[in-house]
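Labels run A, B, C, D and E following the written order; every chain starts at residue 1.
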């Protein structure tokens, strides 16, 4: 802990990077997962294509994906894109399933009621299906955010990676405290992010706590 | 670059920020801190990008402009840009390196500080086989396990070099890390009997490891020097960095490394500042 | 908010709001929903509805009844195009529904489904306001309308802010009905709306629906598999047979008196004769009865009805010898009371009375006389002779 | 990449691909076994009693946030090299999904079914072992297979501490800038993940009661 | 496997298997379940059961009935210690249930819950065999017993291999009953076991239960909120009032004739008089009737009953002038038939008949004569006079 206080500036610097590298991919992955998850919730074919694909994406070791991305994208080697893209891909892989499951779990009679009242598809999706899918979606988002925050560290392999920097340095100089500092930072960040998502979820779904 | 200096002159405006990178091992990190602190003390804007993996990675970074300046070693850098380069002596290597670098990249003056790869064994092994140089090792190579960074298997100044020049083929190669804690630990617990470490590694002294001599010069000269993007190398920058190289010798480097790994684990930035102050730069 | 509920009470049928959608009621008997040779065959080959020909009259409740899987739901859902028929035509007010864009069509047709199907994420008020908002009403107007409907279906205004999960099953059903009524659609489709609630609440809801229908004069198609519910609610009842076949389409009395085939007869079930009496209005002679008040000393020779100060029945004294003082403890509790409505009530009052005399009471519950079972039997015979009971 | 992968030289010897595959599979299976032994009883117990659910969910989320590399490094720094740090890191990775799956599975068993189990005179252990767990199996497998995928993918980092497994290909390829080797490693890992998942899917089919399979419209009333 | 079902038919009451658990029936009337001043107050302060005193007699079906939330389930579940009372004592065969370890107690008491509560992961056969296996029977014996029970509850042997999800609601209920019967417990607790199935299947299940009870002679406590079901099944009925209060505990006829208070009267509902007839066995005179066969030429002066070859009723011909040929098309379909069972059937036959003459048929459906409504009324009066109808 003392390391954090003595080197506050550096700690804050890696924290900032870590935060950016975890939030941006989650947002991108999540936004992309919504239409794909929707598709998967409606079509058996889409499921058959998307789910195995997402599974395989998820099984590619993050180390390999992060190192290969710069080669594939051809952008500057130290660009944060090189971490953001693979992490967004992981989030997408996780969230397609979450979103699809959440949408499939919307009670059939509610959907039928919406149709019967004359909702058109887009409006129904935005005002009925999606809000009702939120609790499950947010639960998925929490998991995705957690694993993202933990995975950012791998970016240290390519000179990025927030707290991952502290792990590498601490390791090489046999400096336990530095590694611990990174670990604590990661966990605190994760707990805060989790709490924030929980809070957002509660604010967005007041009905979920009504009754019982 | 600065849009106001669009005439392509080599001398860049002093307002340009210099991005100082480092490889992901402590000595590189320290050297980059020394460069960065010295430059910023001269009023030059500096930003740091530490721990950028290995050479294969950061060299691309220097080429694509992600970073502008990074500490380097003459021999390995030469081998990196020209695999077949035959030079081994310090000055030949330096001269060859200057020629071999791609356009836009230059190296400044080399320091006398050298940190080269070396075959290292424990005191016990050295005593058991009475080893002093790699030559003494040759009869036992086939019984021993060698540890080093994964790339050591393919590098011309790695296993291929040892085989070519000493006819030494080890029983097995174990991929560890780049002269880091893994390699040290491997030696200590006898997982490997010989390993590739860097000569300035504080662990050598601390663990009483024995550095074997390299009479056939498999490992080329490895003088520390700055690799820099030519566009960023203003006169002031050159002067500052050259001044550092003048003061930096192998002994200093060893001391600094020992300081870094001392029990209170000072930050490289702090060690760099102290040294700069004591060296009067 | 005193306004609306009162107006309803005072003016009878008065509903605010613009009629919307494609269908507009104009009063008078008009054929509102017509099924013409409608068949629905699902992809897997199931024939859910088989050549259905049926006309639902405007301003009435028509009930579709039948065993599970006989095609009731399918028939209903073809009206608002939740399902499209394989062949045949469905006309709403003479217009083929297939020519209308489904969302537009549906906004003009209220739909109430089993277990209400409320939106769990919206408050009760917002649930009710859904269709008006979809149809482009402004928010304030839609809310006012929703609050009015809350009262119409008998819920307190403070329910408006709750979420569906905070309501009981019966309350949810009421909200479901209010939501379907919100845009004042002339047609209401109700698919087993009350099947999830317990029998007591269910009876309440049925009575509410009859009251509402009397006030609002909608064309209602109501699906159930409970024949009692069908007979109670339906002006006409369509009995479906497994295989999507319409077995009989008739008024409840006809169904009871003359089931078209064995299937209908067994589906309508036992007590057909007794239940027929429900639909016959009484013309039974009311006989005088000896009454006595509590505490009086009377000579009881035959069955004597004991009443209170306001002439309400308390119980019977059977014939005893000599003079007695009328005491609570000697009373034999009486059967059900007859309020002058149907023959069924009259017969039951007579059958359930220990004296075999059914007590007749007026609006305020005061005794006006007694009826006898024999008279009911004769009234039935008279009604039969007059052709009031279908053959 | 194809070149590297299909070069026969890379398919033999003590550092050949089959050896690496076997090592990788070994790490994976032992990790899953240890994690299951820890996580399933915990998740099942908490799911059964209904107490401490908040702790379980919070704990699995916190564990998910632990960077595997950091755990690995810390344990190496404390306990030295070897397989132990690898197992610690991987087991910590595998616990959250298995525990969460078990917990959710047991919780999701229809309360009517659980009530019936007590009603016929089962003791609490019987309720848990004979009714709740068998009914929770689909979700337990869900968590377990999720964990398996992650472990297969992450066992790569064993190579970080000099150990074997397919991570060797990735790390060596990275160090040598041999993208062929690295890609081969990544592809083999993905392939192994798919195979492992198929294996567990088969196991699931064998061990989950057919009564719990989603029934088509044909079967259900 | 022809063995068992046949034996049941031949020998009437013959059930294999060892009686187990703490309670053993010994035949004869004995008090089996006693509630003594039993109160249950939940942690949140709800009083679910309030000072309940009640004795369930051995070998009978006792029904707990009442509106939702009145404490029926709570009372039932205290018997097998699914819930423990706050105060008071429950004795099963004189033994305080609190002194018995719950699992042991429960294995000796069959428990059937709403929606069956079958184990979805076990086959039907394994579901039924649960309690025997728990009680340590060997596997083969438990299976054989399960197969027998499958037949007893009227399911084909090939259902044994299916899983619950592959059964209809009614079939699941039967399996639930079979499971509860498996270890031949002398006491059965049934909590709204038939509420999830449709009315037709429900009636089947009720009849099955009555048949089973006649054969097996268990002590059954049955919970429902449907008063009709209660009156049909219960030898005694306990009517609960909201607040966990026992309003009346009596035989169905008493309940109909003399409800203890207004709550019971309104809960028992309308048609009390008519329904009382269900419990009265007929002593109505059967009158001769003029019959004719299809195709015959007859002179019809009054209502004539047309029958087929085997003397089964086809319909009525009303009085016409002169001689006619009896043709199918002229028939007026007849009302319900009377099989000689209860007064209710006789009255309904008369009321539903177009001729006001209820057709009486024998076991094989052949016409034996007609009954008149008047006669039923008189029979009722006679039964009353004889004290058969409680006052």
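Descriptive notes on the structure:
Keep this in mind: a residue touches a chain if its C-beta (ideal position, glycine included) is under 8 Å from a C-beta of that chain, and two chains touch if they have at least 3 such contacts.
Quick caveat: nothing in here was measured; it's all calculated off a predicted structure.
Under the touch definition stated at the top, chain A and chain D share these contacting partners: B. Counting C-beta pairs in contact across B-D and across A-B gives the higher total for A-B. Among the other chains, the CA centroid farthest from that of chain E is the one of B. A centroid comparison over C-alpha atoms places B as the chain most distant from chain C. Per-chain Cα centroids separate chain D from chain E by 54 Å. In this assembly, the C-alpha centroid of chain B lies 93 Å from the C-alpha centroid of chain E. Averaging Cα coordinates per chain places chain C and chain D 59 Å apart.
Listed for chain C are no residues, as none touches two or more other chains.
Contacts with at least two other chains are made by residues 181 of chain B.
Of all residues in chain A, those touching 2 or more other chains are 156-157, 171, 174, listed in ascending order.
Interchain contacts (touch definition given at top) occur between A-B, A-C, A-D, B-D, C-E, D-E. In the complex of the two chains, the chain E residues touching chain C come out as 67-68, 198-200, 225-227, 256-259, 270-274, 276-277, 332-333, 335-336, 344-345, 347-354, 356, 373-374, 377, 380-381, 384, 389, 391. The part of chain D that touches chain E in the complex is made up of residues 110, 112-113, 115-123, 126, 131, 134-135, 137, 208-212, 215, 219-221.
If you check the complex, the residues on chain A that touch chain B are 7, 10, 76-79, 156-159, 165, 168-169, 171-175, 177-178. Only residues 14, 76, 80-81, 159, 161-162, 168, 171-172, 174-178 of chain D touch chain B when the two sit together in their complex. Listing the residues of chain A that touch chain D in their complex gives 55-56, 58-65, 67-68, 71, 142-143, 146-147, 149-154, 156-157, 163-164, 167, 170-171, 174, 176, 179-180, 182-183, 186-187, 189-191, 194.
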